[in-house]
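The structures considered in this document are given below.
Shared between the two complexes below is chain A, which has chain B as its partner in the first and chain C in the second.
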Partner chain A sequence: MPAHLKVVALVGFMLVVVATPREWFAAYAFFLAVLVTVGAVARVRPGWVLKRMVVETPFVVFALLMPFIAQGPRVDVLGLSLSESGLLSAWGLLAKGTLGVIAGLLLAATTTPQELVRGLERLRMPEQLVQIMAFMVRYLEVVTDEMRRMAVARASRGFEARNPLHWPVLARSVGALFIRSFERGERVHLAMVSRGYTGRMPR
Partner chain B sequence: MTTPVLDVRGLAFAYPDGHQALFGVDLHVHRGERVALLGPNGAGKTTLVLHLNGIHLAGAGSVTVSGLPVTKANIKEIRRRVGIVFQDPDDQLFMGTVREDVAFGPANLGLRGSALDAKVTEALAKVGMEDFADRPPHHLSFGQRRRVAVATVLAMDPEILVLDEPSSNLDPASRRELADILRDLDVTVLMVTHDLPYALELCDRSVILDGGIVAAEGRTVDVLSNADLMCAHRLELPFGFDPVAAAATL
Partner chain C sequence: MHVPDGFLDAPTSIATGAVAVAAVGVALRGARRELDDKTAPLAGLVAAFVFATQMINFPVGAGTSGHLMGGALAAVLVGPWSAVLCVSVVLIVQSLLFADGGITALGTNILLIAVTTVVVGWFVTKVLLKVLPKRVGMVAPAAAIGAFVSVPAAALVFTGLYAVGGTADISLSTLATAMLGWHTIIGLGEAAITFLAVGAILSVRPDLVYAARGVIADRELVIKAKESVA
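Moving on, here comes the complex of A and B:
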C-alpha cells in the first residue's frame, strides 16, 4: 500500500478514535479489532509492537494517578476509594493513547522512513519540511555514529559520567557534535551545489 | 594545441576574512589526461578545487573549462562540465537510495523519465555498483560509498572529473578497485592526493601546489624521484617506495 494512503488512514483513524465518546466501550473494542486485523494482515509480530509500546509509559502513570486525585462521587474498588469521573477519564486516556500508539507503530512497522517521507511529499507537505525530514532520516545514523565514536574516545581516556560534576564535559561534547554536524551540513550543501542544486529538489 | 579542458591562469583568491590562499596559480589539463595535484596540507588545494566549478569565483586571474569561463552567468553549464567528488562520501550521498542519489545531478540538469534511468544505470555500471541501486547509501561499505560518489558525478557527463583524496580511508583492495575503475573511465581527471604511489600509478603528470602557487610540475615519476623538490614541499614517499622501479612495472 502506498505510504501516503497509510498516513491518511492513520490520521483519519485517530480523529475518529479521539472523537468517540469514552462511554462507547463497544466502539473501542471494535477499534482494537481493526488494528489487530491490520497487524495480522501486514504480518507484524505482536512482540515487536509490545516492546515499543514502552513510549506510552508516562501516559499510563498519569492515567493511573487520575482516579486518586480527581474530584466528584467516589466508588470503592478493592478497598480503595476512587473518583468515578477520574476512573472514566483514566480509561479514556489509556484507551485512546494505546490505540494511537499501536496505530502509529503499525505504520512504522510497515513503512520505511524513506517511503514515509515520500508519502508526505505526495500529500503536498511543504517541500522544505519534506527536505528537512529526508535529511534527518539520512544523517541520523551518521550523527549517532559520530556521537558513539566521541563517547568511545572519551571513555578511552578514562572518562565516566557518574555525577553532575561531569556534566560540563558532556555539554562540551554536545557542543562539539553540534559544530561538526553544522560543518557537515555546509559540506553537504557544497556537494549538492556542485551537482547543480538551486534550492529545489528535481522531480 | 587544442583548447585545454581546464585552463587556470594567474588565479588569486583571498577569503573574506583576509586570509589569502592562492597567489597566482597557472594550471592546464588537456583532454584525456590524468593529472595529480600534490601538496602539503594548507597549500590551497581545496581552495583551488572549489574554484574549478565556481563555488569560489576568482579574485584575480581566470578559470576556463573547455573554453567557457567560470562566471556567475555560466555556473550551471560549468557545474555540468566539472564533476567534483568530495573526500567524505557521506557529504556527497544524501538521498534515501543510491539510485536517487545518482539521479540527483542529471535531474538538476533537466533529465527525466527513461533517459534519466538509463543515465543512472550507465553511471552505476561504470563503477560496478548497478546491483546496489535500491539500497540506502548508509548501508554500503565505505569503499562502495566512494564508488557511488564517483557515479553521482559521472552521471552528469562531466568533461573533467576532480577527485579530492580518492584513496583516503580505503582498504588496499578497495583502493585498487577504485584505481581500476578510474583507469578504465574515458574521462579527464584531476586528482588531489597525498597518496603518492596512487598518483604515480594513475597519473602521468603531477603538479605541486605549495604556498598558493604551482611550485613545480612534470612527469609524476620525475617529480617523485626528485628528492630535493619533494623535501622542499613537505612531500614524502612511503617507506621503501622507489618511484623509478615502480614506474618501470607500469
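Moving on, here comes the complex of A and C:
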C-alpha cells in the first residue's frame, strides 16, 4: 500500500478516534479490533509494537493522576476518594493515546523512512520541507552513529555520567556533535553544488 | 514530552494544525534568507542533530535523567526560521516513524515545541544581546536565559490550549500552577545544558553560532608580534 494513503488513513482514523465521545466504550473496542486486524494483515509482530509503546509512559502517569486531581463528584474506589469525571478523563486519555501510539507504530512498522518521505511529497508537503526531511532521514544514522562513537570514546576513558556535575562533559559532546553535523552539511552541500545542484532535487 | 492523541479535542487539534501550517509556511520564507540554497542539506543535518541530542540523557541524580528539548538551542545556533523548520521536521519524523507524539496532536506539538520555544527563546536571547555589552562571552548566558524562559512559555501556551479544548475538568489554576512549576525546573536544566553547549561551540567555531554573528563582526583581527622561535 502506498505510503501517502497510509498517512491519510492514519490521520483520518485518529481524527475519528479523538472525536468519539469517551462514553462510547463499544466504539473503542471496535477501533482496537480495526488496529489488531490491520496489524495481523500486515504481519506486524505484536511484541515489536508492545516494546515500542514505552514512549507513552509519561502520559500514562499523567492519566493515572487524573482521578486524584480532577474536580466534580467523588466516588469511593477501594477506600480512595476519586473524582468521577477524572476517572472518565483518565480512561479517555489512556484509550485515545494508546490507540494513537498503536496506529502510529503500525505505520512505522510497515513503511520505510524513504517511502514516507515520498508519500509526504505526494501529499503536497512543501518541497523545501520534504527535502529537509529527506536529508534528515538520510543522515540520521550517520549523526546518531557519530554520537554513539563519542559515547564509546567517553566510556573507554572511564567516564560515566552520574550527576549534574558531569553535564559540562556531555554538553561539550553536544557542541562537538553540532559542529560535526553542521560541517558535514556544508560538505554535502558543496559536493552537491559541484554535481549541479541548484536548490531542488531532480525528479 | 510530546502531546499524545486525544489530549485536546478534535476542533482544537485541527485549529492548532492550521496555525502550525501557517507558521511553518512563514518559516520557509524566512529560512531562505538565513541559509539560501544551503537550506535543505544544512537544515536536514541540523534536524538530525536535534534528534540525536534529544537522545543524550543528562543524569539529574537519584536514577532519573532528562534530555534537552533544543528549541532555543537550535534558534541560537542556526537562526529562528531555520530552527522552526528543523524542530518541526524532527517532530513530524518522531510522530510518524516513532509514534512519539500523536498524529492528530502534531499541529499542537509543532506549535508548542517548534514555534513557541524557538520564538520565545530567540526573542529573549536577542533582546538580552542588545542590552548586554557586546562581547562573545555574553552570548552563552543570553542563550541560557532564552532557553530557561522558553520552556515555561511553552507550558503556558499548552495550558491556554487546554483551557480551550481540554478533555478533563481539572481546574485551570491547578493545571497552570503544576505545569509552570514543573516546567520552570525543566527550564533550569534546559538553560544549563544550552549554556554549556553554546559555550563549547563558541570556543571552537564562534562563526557557526547565528546569535553571535553581530558580536563577532565587530571584532578586529589583531596580529601580535611573533616571538622569535629558537
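By definition in this document, the second predicted complex is superposed on the first by the 203 of 203 C-alpha atoms of A that agree within 3 Å, B and C clash if a C-alpha of one lies under 4 Å from a C-alpha of the other, contacts with A are read in each partner's own complex, and residues count from 1 in each chain.
In this text, a contact is a pair of C-beta atoms (placed from the backbone, for glycine too) under 8 Å apart; a residue touches a chain by one contact, two chains touch by 3 or more.
Source: prediction; values computed, not measured.
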item	value
Partner chain(s) touched by A:Ala9 [first = chain B, second = chain C, both, neither]	neither
Which of chain B and chain C A:Gln114 touches, first, second, both or neither	first
Chain B versus chain C as contact partner of A:Phe59, first or second or both or neither	second
In the superposition, chain B vs chain C on chain A residues touched	C
Contacts of A:Arg138 with chain B and chain C, given as first, second, both or neither	both
Touched partner set for A:Leu123, first chain B, second chain C, both or neither	neither
Partner chain(s) touched by A:Gly196 [first = chain B, second = chain C, both, neither]	first
Contacts of A:Val34 with chain B and chain C, given as first, second, both or neither	neither
Intersection of the chain A residues that touch chain B with those that touch chain C	113, 134-135, 137-139, 142, 184, 188, 192-193, 197-198
Chain A-touching residues of chain B, taken from the complex the two chains share	50, 53, 55, 76, 79-80, 83-84, 86, 88, 90-92, 94-97, 103-105, 107-109, 136-138, 152-153, 156
Footprint of chain A on chain C - complex, ascending	1, 4-7, 9-10, 13-14, 24-25, 28, 31, 37-49, 51-53, 55-61, 68, 77-78, 85-86, 88-90, 92-93, 95-100, 102-105, 167-171, 174, 192-193, 195-201, 204-205, 208
Footprint of chain C on chain A - complex, ascending	7, 10-11, 14-15, 17-19, 22, 52-53, 55-56, 58-59, 66, 69-72, 85-86, 89-90, 92-93, 95-97, 99-105, 107-108, 111, 113, 116, 120, 126, 128-129, 131-140, 142-144, 146-147, 161-164, 166-168, 170-179, 181-182, 184-186, 188-189, 192-193, 197-199
Of chain A, residues touching chain B in the complex	113-114, 117-118, 134-135, 137-139, 141-142, 184, 187-188, 190-198, 202-203
